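Each in structure tokens, the structures are laid out below.
Both complexes below contain subunit A, partnered by subunit B and then by subunit C.
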Partner chain A sequence: MSDFYLVYKNLTRKKLRFFLTLFAIFIAFLIFGALAAFDKALNAGVELSADNRLISVNKINFTQPLPISYVRKVETIEGIEAVVHFNWFGGYYKDPRQQVLTFAVNPAKLLAVYGDDIAIEEELHNNWLKNQQGLLVGKAIADLYGWKVGDRIPLNSNIFSKRDGSSSWEFDVEGIFTAKFPQADTNNVYIHYKYFNETQSFGGDFIGWMGIKTTDPARNEMVIKTIDEMFVNTPFETETVPEKAFQQSFLAQLGNIGLILSSVVFAAFFIILVIVGFSMVLAIRERTNEIGVMKTLGFSSVRIFKMVLMESFMLIFLGGIIGLFVATFFLGFLNNAPQFPLPDLILSSDIILRAVAVMIILGLITGIIPAVNALRLNIITALSRR
Partner chain B sequence: MTDKILYDLRGVSKEFIKGKEKITIFDNLNISINEGDFLAIMGPSGSGKTTLLNLLGGVDKPTDGEIWFDDARVDNLSESQLAKWRANNIGFIFQFYNLMPMLNAERNVELPLLLTRLSSKERKKNVAAALELVDLSDRAKHMTSEMSGGQQQRVAIARAIVSDPKLILCDEPTGDLDRKTADEILSMLQLLNRDFGKTILMVTHDPSAATYAKRTLHLDKGEFIEKDLAA
Partner chain C sequence: MTSIFSQIFTVIMMNIRSLPKRFWMSFSATLAISVVVAVLLSFLSMSNGFKKTLEGAGSDKTAIVTRSGSKSELNSVLTNDVVNIITMAPGIAKNADGRPIYSPELYVVVDGIKRTTNTQANLPMRGIASVGFDLRGNVEIVEGRMFESGKNEIIVGTAILREFSGFELGTTVKFGKSEWTVVGIFSTGGSAFESELWADARTLQSQFRRGNSFQTIRVLLEEPGNIDGMLEAVKQDPRLILDVQTEIDYFKEQGEALGGMVTLGWILSIVMSLGALAGALNTMYTSVADRELEIATLRAIGFSNISAFFGTLTESLILSLIGGIIGTVASYLFMDGLTTSTLGGNFTQVAFSFHMSPDLFQNGIILALVIGLVGGFFPALRAARLPVVLAFRGGV
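Now for the complex of A and B:
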């Protein structure tokens, strides 16, 4: 037997109260783990944004097009290394519910701008460049639908139609790209702009936006100014921003997610604080006589103080660890769910460290009052209570 | 009983302040308890029996005077020093047993040994010996809530003797037991005194319980009246 055993026995002596309190803590940390992982995944795009990448969109808003001719003009600006342009295809596979994030791009420049994020075998990349009907597939999508290199895949668009009236395009899977780090998204596919532009029935020679890589982040400001001034007072004025700012403004359109998540987590922990704090005070009050007996036997007040505090920590850590453990499974399940929109939804080490810090703070706050009460408890008073 | 004085109270006074009133429990109380003694203290309610036990057990301090134990002064020790002193020298037996309900019998007995440097193996050995002495070896793994009052008090006795203290303080040890069980418990205390040389100080209301002691002190209004009841 040890002090730890005594603490454990005290903690579990009232089974129902113990399990209910533990359950409340477990739920709070499950919420914390899941929401923190969501928050991190939502912000992954911002974190991953390269300092030397810019996004140039139509000044009205990013759903409005830009002329394809802008690309060549922008490429001539000093300080720009490469430009890749994107069109939103609005694709789905067989069934409109099976969405496939499809972008029509100028293939030769995709890796020049985004080669730091995604990886593909050189031979496969070359094959994709050569085949106008080639499809470059993200690993998450390939895994989801079981696509392999060499497969011929029909993709429909819920925006565009072909000149023959159909909305189905046929593509050859030429390559499967992977992420160079876990947070990078492989939940999309790339097609050739030329093939898309030549076969679609709407007005052609327009692009959605440009991804621009500068030679040096220090030149971003100058490049941004040059691009936007280049197209000022034209029917298609541009707004160019660093990729990070673009991602942030995109997220901001969804609302202040960080504040919502923080509020939910704060509310959960505040409730825990009240429940566990009350439960601990009650538990120690019920054991006044026993604490008096232990002090009489020779247990020092400081030792009893530590044991009460340990009890509070044990409760919080037990519930917290189970909560995080279940959150890991829950997030893993979501990660494997078909078409889950967020890449790399995991309980990262920084989230775990934050959770441990919260456990320490909660353990201290909920345990300190009963521990001090136990520390100060007078033996004679304690023994007189039964 | 030897001639060596184990406990010596010299001019001890104890006062309480209740509201604006000062209540004197003892005034200049003197008492010596020899090693190997079995002393019963009797007296009416409010005579100061429990206060005396608290002073002797080191859970309370006198307002004035000195308390010496085994040639060392203890009334001036700090709270943490007193806790250590109690763990090393005193075994306690309470009227309502005061066992830990979440622990089984052997874990209850082991409790005071957590305050020693004994290894787990040594602790187990001592616990087994103490339980055997109170004839509860076969119930070592039982929860105390499953035991009768007499058995619980025997567990409490085992807990009091397991760390081999010099003095055992008993506060109404048979107050919650029927006559037959009370006699068993008192015989056990007598055996501990007679065969194991334990010094025992017992506070009781029960005159027949006092007959098990070697001598009885009657406490009344803070003063002792001694009666010898040599066994």
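Now for the complex of A and C:
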């Protein structure tokens, strides 16, 4: 009979207790898996940002406008491959609560800057370029509202109004784009700047910000300096930063979400540590007599020490693996829910590695005290204790 | 013959007195419950504090006018013409000269540096005139002085000073090319306005090239809460594409922004409760197993199985209640008053503090007791069903 079988038998002899502690561990790892994937999705913008892309915004704040004339000037700077400009349209579909992230862009340059992220059939892309009222729709949005290529869609703006006073614009869905990275978001739509600019009623010829692709990340610093110096002491000074920095500071605006999530995960692990730890101590104490008998039979102390430790490891790993497994199913279910506002939640390999590390640590902490107790147990005391 | 109640009481007391024997096991269940309660309360107190901060900014004596569909002050734009027309609407209070009392305001976003992360964050800068102060009632300059109209001077809310760096009294801040001096610090009794920078409306219009336009109008109502006259005026005049709301309703909507946190807090703590429940069940089954002989003996001398049931159930409820109290007290000590800031409905930072309240405590205690009830019920059933014959076997 191998030790492994013995450990397994010990672990499962009190069925109810085994099941309950296993369940507590399972819950903790389910929470860990779900929240880690959630955190990753929130940070997807930061992680997926490319080294050779910059964002240039008004120095006062990125909600303040820049003149359209800046785009031409920036395009001529050496080291820049392409520039696409964005306007926040404040779009919604039918009801102000159904927000649609809508950006007005210069269509010809969108893929020149973001072509590494956006995947779209060439023919559809060309159709969109040709139609000034064309709408390029992210797959998540298309799925949510059931839009198809060829549909004519009204979008309202909660900021702008048309010259005739209405705030509803008509668009033709020309293409539906997907993301080249599975964890990237396709929760937005693109419209033509020209159509937007010529039909809105106030403050024309302004853009929101510029997305810039440099020819080489090594030149970023120089490009940033050139742009910002170009417009210094004008009424519209710029602030240009790498895409990653922009995404990071935007995320930081929401507050310290990472801290909140990791506190919850920490709390969950603390609970199982306490529950599993004490029930392991109890389980070994109940077996004092048996351990005495085993030692009498010639089981070495070290062997018993290993067996106890193995028992706690087996318990934690069993619960942990089931937890991660169920988390995967749960996340898949969430990803398929049409109203889900985030990019796909994925249990990536680094999350699983972290989970395994936690399992090892927990197994060690919960097992070490009873294992040492069993190691030190003297045969005489063990057998006389009732 | 002892009554059933005194039987139950006796058994409960026996259970409680024997608790020290099972101290560590009981302790683990209690601790698990207190952690779950603390997690729930931290989410609830966060969203509660946010809500309180925003709702505290609203008054039903004031109505707020925005462009239709804009949903927030930031998105709204009102031309001077619109301002002139809508302020003629009935239902607006008049001053001694018979002029309507209203405050057209500007709302722009500027960058500030958040102290906690040292990153840029969106701060609201409001262009306002003295009538805007009167409409709010509780504005108080706590340090320095009021800005002078026509000058590049700002006063900042106390929350701005607390959460963001670079706005100390006397400093000069640069927004693009324009420079502004901080001349005063104001308080509005803890409400959302304290997360704002205020400047003279006309000066802000010219420095930010806003021409003659405003973003919102606040008007003093003749009769608190009554905006019917204004709504009717908007309906009659096709030039007015506007939303009119009492300020209290407007801020109530803004206060819902963290509502999702409440849902998330409940989901997480309920899932965690299942883990804690497993711990509670484990503890209580162990407790019943420990006292098998005792319970059987009591039954043998005439105690009913009902007393065995309630003895175990009460032990579980007491443990969970202790856990619940530890959890609420700990979250009160560590969370209440914790200050932070997040992006609000206006796409700008709202500084707020976590706020506990009696109904939140109640929620925490109820959650703990539910865990205790379920965690005690099944072991209690087992205790009640223990065969009496065990008592005569003389040990297990």
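Going forward, the second predicted complex is superposed on the first by the 363 of 386 C-alpha atoms of A that agree within 3 Å, B and C clash if a C-alpha of one lies under 4 Å from a C-alpha of the other, contacts with A are read in each partner's own complex, and residues count from 1 in each chain.
FYI, a contact is a pair of C-beta atoms (placed from the backbone, for glycine too) under 8 Å apart; a residue touches a chain by one contact, two chains touch by 3 or more.
What you see is a predicted model, and the numbers here were worked out from it, not measured in a lab.
In the superposition on chain A, contact is made by A:Ala268 with subunit C only, not with subunit B. In the superposed model, A:Gln247 lies in contact with neither subunit B nor subunit C.
In the superposition on chain A, no contact is made by A:Asn188 with either subunit B or subunit C. Contact comparison for subunit A: of subunit B and subunit C, C touches the greater number of residues.
In the superposition on chain A, contact of A:Arg13 is made with subunit B only, not with subunit C. With both structures placed on the common chain, the touch criterion links A:Ser312 to neither subunit B nor subunit C.
Once chain A of one complex is fitted onto chain A of the other, the partner contacts of A:Lys295 are limited to subunit B, with no touch recorded for subunit C. Across the two superposed structures, the residue set of subunit A contacted by subunit B and also by subunit C is empty. Contact residues on subunit A toward subunit C in their complex (touch as defined above): 16-17, 20-21, 23-24, 27-28, 30-31, 58-61, 63-64, 90, 92, 96, 156, 158-159, 161, 165, 167, 202, 233-237, 248-249, 252-256, 263-264, 267-268, 270-272, 274-275, 277-279, 281-282. Residues 54, 57, 59-60, 79-80, 83-88, 92, 94, 96, 98, 100-103, 107, 110-112, 114-115, 123, 159 of subunit B touch subunit A in their complex. Subunit A contributes residues 1-3, 6, 9-10, 12-13, 289-290, 293-302, 379-380, 383, 386 to its touches with subunit B in the complex. Residues 24-25, 27-29, 31-32, 35-36, 38-39, 42, 67-72, 74-75, 77, 108-111, 114, 116-117, 119-122, 175-177, 208-209, 213, 238, 241, 268, 271-272, 274-276, 278-279, 281-282, 285-286, 340-343, 347, 349 of subunit C are the ones touching subunit A in the complex.
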